[in-house]
Amino acid sequence: MGKKNFLKKPPMGWNSYDYYDTTVTEEQVKANAKYMAENLKEFGYEYVVVDIEWYSKDAGARRADFQYIPFGNDEMDQYGRLQPAVNRFPSSADGSGFTHLAQYVHDLGLKFGIHIMRGIARQAAHDKCPIHGTQFTADMAADAWSICGWNPDMYGVRAGEAGQAYYDDLIKMYADWGVDFIKCDDICDSFLYPDSGRIKFSGYEETKMIHRAIEKCGRDIVLSLSPGPAHLDRDFFYEENANMWRITDDFWDDWRLLKEMFWRCETWNGRTSKGNYPDCDMLPLGQLGYGFGQERTSNLTFDEVRTMMSLWCLFGSPLMIGAELTKLDDVNKAQLTNKELLRVMDGKHKGFQLRRSDDEAIWLNIDEDGTELFIGLFNLTDTEREIVCDINDIKSGAAIVHSASAITDVWNGKSGEWDAAEQGTISAKVPAHGVVVYRLF
Amino acid sequence: MGKKNFLKKPPMGWNSYDYYDTTVTEEQVKANAKYMAENLKEFGYEYVVVDIEWYSKDAGARRADFQYIPFGNDEMDQYGRLQPAVNRFPSSADGSGFTHLAQYVHDLGLKFGIHIMRGIARQAAHDKCPIHGTQFTADMAADAWSICGWNPDMYGVRAGEAGQAYYDDLIKMYADWGVDFIKCDDICDSFLYPDSGRIKFSGYEETKMIHRAIEKCGRDIVLSLSPGPAHLDRDFFYEENANMWRITDDFWDDWRLLKEMFWRCETWNGRTSKGNYPDCDMLPLGQLGYGFGQERTSNLTFDEVRTMMSLWCLFGSPLMIGAELTKLDDVNKAQLTNKELLRVMDGKHKGFQLRRSDDEAIWLNIDEDGTELFIGLFNLTDTEREIVCDINDIKSGAAIVHSASAITDVWNGKSGEWDAAEQGTISAKVPAHGVVVYRLF
Amino acid sequence: MGKKNFLKKPPMGWNSYDYYDTTVTEEQVKANAKYMAENLKEFGYEYVVVDIEWYSKDAGARRADFQYIPFGNDEMDQYGRLQPAVNRFPSSADGSGFTHLAQYVHDLGLKFGIHIMRGIARQAAHDKCPIHGTQFTADMAADAWSICGWNPDMYGVRAGEAGQAYYDDLIKMYADWGVDFIKCDDICDSFLYPDSGRIKFSGYEETKMIHRAIEKCGRDIVLSLSPGPAHLDRDFFYEENANMWRITDDFWDDWRLLKEMFWRCETWNGRTSKGNYPDCDMLPLGQLGYGFGQERTSNLTFDEVRTMMSLWCLFGSPLMIGAELTKLDDVNKAQLTNKELLRVMDGKHKGFQLRRSDDEAIWLNIDEDGTELFIGLFNLTDTEREIVCDINDIKSGAAIVHSASAITDVWNGKSGEWDAAEQGTISAKVPAHGVVVYRLF
Amino acid sequence: MGKKNFLKKPPMGWNSYDYYDTTVTEEQVKANAKYMAENLKEFGYEYVVVDIEWYSKDAGARRADFQYIPFGNDEMDQYGRLQPAVNRFPSSADGSGFTHLAQYVHDLGLKFGIHIMRGIARQAAHDKCPIHGTQFTADMAADAWSICGWNPDMYGVRAGEAGQAYYDDLIKMYADWGVDFIKCDDICDSFLYPDSGRIKFSGYEETKMIHRAIEKCGRDIVLSLSPGPAHLDRDFFYEENANMWRITDDFWDDWRLLKEMFWRCETWNGRTSKGNYPDCDMLPLGQLGYGFGQERTSNLTFDEVRTMMSLWCLFGSPLMIGAELTKLDDVNKAQLTNKELLRVMDGKHKGFQLRRSDDEAIWLNIDEDGTELFIGLFNLTDTEREIVCDINDIKSGAAIVHSASAITDVWNGKSGEWDAAEQGTISAKVPAHGVVVYRLF
């Protein structure tokens, strides 16, 4: 029972996937970490996460045919544990895994994270590798009927002694490396094993095993579950076992997905609490797509980026930047580092939706001491629009609305006096796909 | 925007369905109301609800073939509004509907409720009845493609001017009668029009129209939505438009359904708030089934009834008794009127699940001032069982656990001193299918 | 047991729907019938079918909102039987229904057909009309839970004495009018009542009732079932009870639908036999769409029309023309009246698919005496293509291929000598979306 | 194009599965083959089929946990081709596979068959074994996303050069061994990859590859596809590529499954032709279940066995005996060897259903020269029943019925004279779950 309570606010950081796909190298991770330490750390960004297939020596080599090469050339130790590919992460050549890279990140005052696939390497199971420190072999832990619908690397792990022993050892190795954050994939939703299917999805049991292993490992490791959409009726389960869970399939730079996220946030409205963060996925702004074959500038417009940042923050989602940081321009950097908006990311604020239609949405966010209220007026249509909120409708934040004396427009920075008695409404002209966020205090 | 805030706690009362099916009469309603006033009112029970087809003159006449007789003999006024069947509700003979019966109930210090089917009488649409006080006719409001999968009386109402006008007038008539509670059926879940179906379910739009009509009608009317299971991803919508929504299909006296309710409550865990009550359905204890063709004593055992009462209360569900009240024995009466347990029904307590497995469940419930904590230890297995809760796991209620000095066993009434420092755990031997509830204060 | 064996070949004729939607009038039907008698009869076309809602006095009046007006103004007799709308079919003013129009068609040497919706008029059920010649009333036959997902006129009919009596009387009335062909709709496939649904689709039982009524009525009436797609696993049932059944949802002038029909025909390959005709739906060539709001010329190209005609014929589908006949141009008239191709429509030929890929299809058709073989080489791609058929692959028709001495190109009319021994293959350059059909004899 | 036409009648034989599960040995196969040669061959039984996992050295060793042991101990050659387990099939010790066993079977005048799983051994793919006689390796042929939902041995094979090369070599090896019959599993229906699923089922492409490989291999090998239910809309595909396809999931000795088979046969009615045999699965009579952990006598009653034999024969299904032959008693032997009934298995008879209800079914079977008609009257109820067939209903066989002069009761052997003119009907008193079959000639 009980997940460690070390995580006090939604994680913020950077993830290599949106720009690098499977191909990121040690140098590239370091460069992004350095940028973060110098430019973003003061705003709360701290996690540097190496995403999928860091163990692959030939990642990206057959990109036209496969995102993930089947029977590919992976770095694996004698115990069937996948290791960083030495050709991409040279510091792992001494067999220390990510130890040196983690140290580098830690030395910058940041935290280090990795992506893993649920399960055990298929190759390890067929090779019957011993599970380190146990009498078990990998085939005893592996579930030959549990595969991932899109990545060919792993078998699921069967619940049982061998399975728990495997995960205990694996997580301990990660802890020893200095891992602070694990994004575990193929564990939250599976199209191949639907709840109504004939084979029970092993992901739920594996989540529990990984959670138990983290509890035992002696290090505070954030557990993030992918892919989404997470199952709303399992919220209690996620809260018991994880820290973050994706509420959507991969989010990309597409207005339709961004608009749809308002619906998704509504369904998870009120489900965020300390240590439990429903996750809207990475922020695909700036430069993207390099590892996918073609670098591109994000398709999200200036206003859409503001909408994204505002929704993620007011809802309380983790903020993981998808852009290549070293190529970030000033505009996007400013969008990511609005100090006024980021106040709500301190773990002491709570967001909730006030209303939503096909045309507009309003989100509120209040600090636990009741000293300030943020209100986001979102325009979901394709034309500019006046959005009006009757202050009588603001139930949860009514006291603040009435006691507040100042108002700030969070995005343009202008402030003024506020007198609720004089104002019947809070309103703004909001650009198409855009947002206006006010802070009352 | 905005549902009236008159409803401060989960409704408690009696509903005619479990005993009478479609057949209840004015005299029977009065007898149950009288019993409630004399025996249950002091414990918080106040709503007297006449369930389905009170407008049917031949209800129950062809029970072997039909629960709801198609093209049956219904009381309808010239405006296509269904009226109480005079042969069953004689006081309505003067055209005043339920006015006199509601008055009788009000005079007992209680509140009066009715069941309605979503929509407009099919007969009214085919007769093209004028909608009272408007230029519209019933066929203009009716949606010929929206029927109920199990009851043949109504067409759904199309969103639009005629539809809103119809509902406005209908709800106004109910308000004039003195109705305090509307249980609207075929509006929450529909197997005939699934979300993935080719015809959009009109129930959502009708919920909004009814909500608007209630807002306008000048009377505080509770809106209860049936049948379940309500859709978890529409919680925000329910909160905007209704007061109660069924989280399950009809609940009956069957252990499997009771055990399943623990899963259902888990999925709605934390979704209860002032005015918003996910609903576990009626309490099928005591005498049941008379109108269904065969009166029977509930199949729920003594311990199962305690489990049911404890779960409904700790979760925060409305409590609507299904038993024929005039036949209630002392044992069941005691189960319904445990003052210690019913403390949590005051609208100032909030429940949440601590954990659940296939074998046991633990629920907590805390008052908003933080002075008392209830903990229910539920045994979901078929044999007696020691259930243990480590007090370190009680996060939300930790402060109370530590400051409390007394403990009461809610169901056996015994009290004692409590010293958290001396106790590492809260535990009890719990009978099969049973529960032990403690109050710490 | 046993369907009358009067129908010896696939029906050919004209249907009012594709051009007139719900709006066709007596004069228009007569004009088309006259055209058919003068121009098409000699080629085998003989059925003149009045399609949906001939009983509606206001059909088409609210076309922007409804194709089928709910609670519309329908002609109905005292027995709840829908009658031709007198404003559209003046000859029915004497209460004789379609008697005079059928007589007109018969006098031209043609046959007369009507479209009906499965069931009994909803209005009749709510009015409790007596069923003609019985003690029953319409509400006793009607199934209040059986509606059509797209047309609001009828309730389904419950299997039972009242239901059979209703259909017996109804079909007898049609027989008395002189009806030779009934296209019954909402009876073959229903999206509202899927086989896995909670309410059993009454269409299957109604098909049986209608079949029995036809057997009793004293007239040879073709029974055609709509809409499709018919259910392949119920083929035996269709053969027992009907003459035609639609293998597709409505077919229109769209290449994608035409290409898809090759797949559909493959699945019904070999299921055609005397009296049993899986049906590819009407031929939407020439002028279409007038009653839908905008007359248009068919989007099918010259080659696509040939492909359609060739597939329908070689497969053995009924041929019901959708075009307004009086506006038929010479080109389309020629496409419809290729005597060489229409040889296969004599009820003594049988078609079967030889092969199909995404790029091409080959169909064969052989007469029962084994004197001639048709082979259709279909190009399903967007560019011209050589299609080659090895004559060794022609198993069923091998004898004919080897004994034949002549070959005709069915569409261009050219003939030549044929010597199988000299030819290893049958082949042709076939235009995109086009076909070459040869006759060997 | 074109499947070899060597298979002139539905295969008859024995299969090891129903009795031995995965565990059959060479000695046991030989004993059954010997029994067949001495007792059943004269009746047409000729195929001796070794069912699933003959390559497994530890088959059955962990039966409580696994029917098919994951990462089990399988015999595999250097080319990744599974070989008979030497501990079970000692004659394969010289590396000749099933050559000697096949020879033994052939020497008895019988034919030899094996079961295979679709795909390539997973171990071979992970070991990157060379594909014999090619430049490819197993991982190039394997599809890492294609597994079997119930057996863990194989990966599916991707369509392409490597895949075809693999199958070509594999089937050639089987041909060299002397294999006459391949029952390929996990290739006909897959619950894990439904047609609506996100991953396309590779079984269809693999069927084509195996078919092509058989065409090339130089030996007449029957291809039988499992498991069912086969997809009715792919009948054309099955006819192009295979000889038999299962129309049901595994059939066992259970009346409900037997009764259901009547529905299944109806849906495939008329789809049997030379070389194409929809397959009702093995005949589970006599002694069964030994390898499953507990030998048992079939639960099918005497009458049910007759019903099964009669349906399989009149429908035209292959007949594969599931019983351990050496333990066959005289009664069951007689049921399997009714010469009169087995006349219809000569490849010159064709069966079709006359009618079916929940209570009874009637099947006909006629020889292609029109000299004899079999009629099976099946009682599907639980009580004895008179079943009557009006001879006017026998359309297809009418000529025979009228010209026949003799009638034989196929199961009791009694014969008599027949005069259609004197008889209006063919009828019999039929026991519950039983059948009476007449032969008219």
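When the chains are written out, they are named A, B, C and D in that same order, and each has its own residue count from 1.
Keep in mind that, in the parts below, a residue touches a chain if its C-beta (ideal position, glycine included) is under 8 Å from a C-beta of that chain, and two chains touch if they have at least 3 such contacts.
The model shown is predicted, which means the values in this text are computed figures rather than measured ones.
Averaging Cα coordinates per chain places chain A and chain B 40 Å apart. Per-chain Cα centroids separate chain A from chain C by 57 Å.
With centres taken as mean Cα positions, chain D sits 53 Å from chain A. Residue positions of chain D in touch with at least two other chains are not found. Taken as a contact graph, with one node per protein chain and an edge wherever two chains touch, the assembly forms a single closed ring in which every chain touches exactly two others. Here, these are the chain pairs in contact: A-B, A-D, B-C, C-D.
Residues 1-2, 5, 232-233, 235-236, 240, 266-267, 269-271, 353, 355-356, 390, 392-393, 395 of chain A are the ones that touch chain B when the two sit in their complex.
Listed in rising order, the residues of chain C touching chain B in the complex are 70-71, 122-123, 125-128, 139, 142-145, 147, 149-150, 152, 191-192, 197-199.
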